């Protein structure tokens, strides 16, 4: 009875990509742990880039830096 | 000092239902564990049906199947 | 398909108390939201009192203060 | 490689305040635990005041009471 | 920069199974969302069967029922 | 009423370090958001290095590689 929470930035994740994440994460615990898909829940949280930080900086700002580097 | 996180799909949960969830969850830890309601926090997360999967499928799709079965 | 996470300090919660928390939290979402208990998961996390703070202080220390007040 | 999740009510947190929370939380684990900011992630969740309860009541209602007390 | 949290019951998950869960979950977000594995964190939480409930019952009890059915 | 969850690997975090994390995280939301420390909860989760992955690898293995590089 796994519970899987996938948190990503909200940069245009499509319904089809979400479908693949749910399908793939469920298959993973079925394959590795022999879990029952009926009791396997997957929840995707999309987080605004202002609200997610790494390196002490907002992702919004990191994306600008990445963009300028190109 | 409990922290209770209730995650549900965002299928029209009303303010009154949220009130009842918060009241009921708080009462539960008061009754069972003798906790102080002043330090008991309840957070309800509403999750889009595209973002919640069970059985490896999006709830959005499962709802359609349920609807067709009727 | 609710997911309910109850976090409490690890101050001797018994198996019977955990049973009541799981039963009560499940009944709550059945009563308030008409949810299916088959897809309702409840997870209890027990947290060491050194690891839970409120008022900027560890619960371990707050318990000592409470004890001294008596 | 810390992961820090800050959950607050959605009462007008500005981008600049989010920036400071991310910067400060990252600095905290660098200072106290000597962690690497490159692998330190901070996520801020803003929660509707109807969805956050304390004392068994919705924050929305508690804010009204506070306001009336003045 | 995904964060993936996999919660399972603590029924003898081996280090090798954990390795596969981490590898597989990371690969999933690389394949589906083109994410960078350097900023992809996977955390596995193992939960005692007394602390995980479904159908309003502790997993510990559900396992006994399953065992008796055989 | 913030809730702050700090997840770190369980590599010998001392009680004093936990005290500083709780104190510092509480002060952060007081300073930046003018929050009340009475309703600010901080929870530290210590995660086994086998259970935390980055770059698709267990921290346990990454630590060995780091150690060999020296």
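The chains carry the letters A, B, C, D, E and F, assigned in the order they are written, with residues numbered from 1 in each.
By our rule, a contact is a pair of C-beta atoms (placed from the backbone, for glycine too) under 8 Å apart; a residue touches a chain by one contact, two chains touch by 3 or more.
Since the model is a prediction, treat every value here as computed from it, not as a measurement.
**Student:** Taking touch as defined above, what minimum step count separates chain E and chain F?
**Tutor:** Tracing touching chains, the least step count from chain E to chain F comes to 1.
**Student:** If you average the Cα atoms of chain D and of chain F to get two centres, how far apart are those centres in Å?
**Tutor:** Averaging C-alpha atoms per chain gives centres 15 Å apart.
**Student:** How many angstrom lie between the CA centroids of chain C and chain F, rounded to a whole number?
**Tutor:** Centre-to-centre distance between chain C and chain F: 21 Å.
**Student:** Return the distance between the CA-based centres of chain A and chain C, expressed in whole Å.
**Tutor:** 27
**Student:** Considering chain D alone, which of its residues make contact with at least two other chains?
**Tutor:** 1, 3, 7, 25, 39, 41, 43, 52, 54
**Student:** Please give all chain pairs that are in touch with each other.
**Tutor:** A-B, A-C, A-D, A-E, B-C, B-D, B-F, C-E, C-F, D-E, D-F, E-F
**Student:** Spell out the part of chain B that touches chain A in their complex, as residue ranges.
**Tutor:** Of all residues in chain B, those touching chain A are 7, 47, 50-58, 60.
**Student:** Please output the residues of chain B touching chain D within their complex, sorted ascending.
**Tutor:** Spelled out, the residues of chain B in touch with chain D are 15, 18-19, 22-23, 25-27, 37-38, 40-46.
**Student:** Using the touch definition from the top, list the residues of chain E that touch chain A in their complex.
**Tutor:** 1-9, 13, 17, 20-21, 24-25, 28-29, 31-33, 35, 39, 52, 54, 59
**Student:** Of all residues in chain F, which touch chain B in the complex?
**Tutor:** It is residues 1, 3, 39, 41, 43 of chain F that touch chain B.
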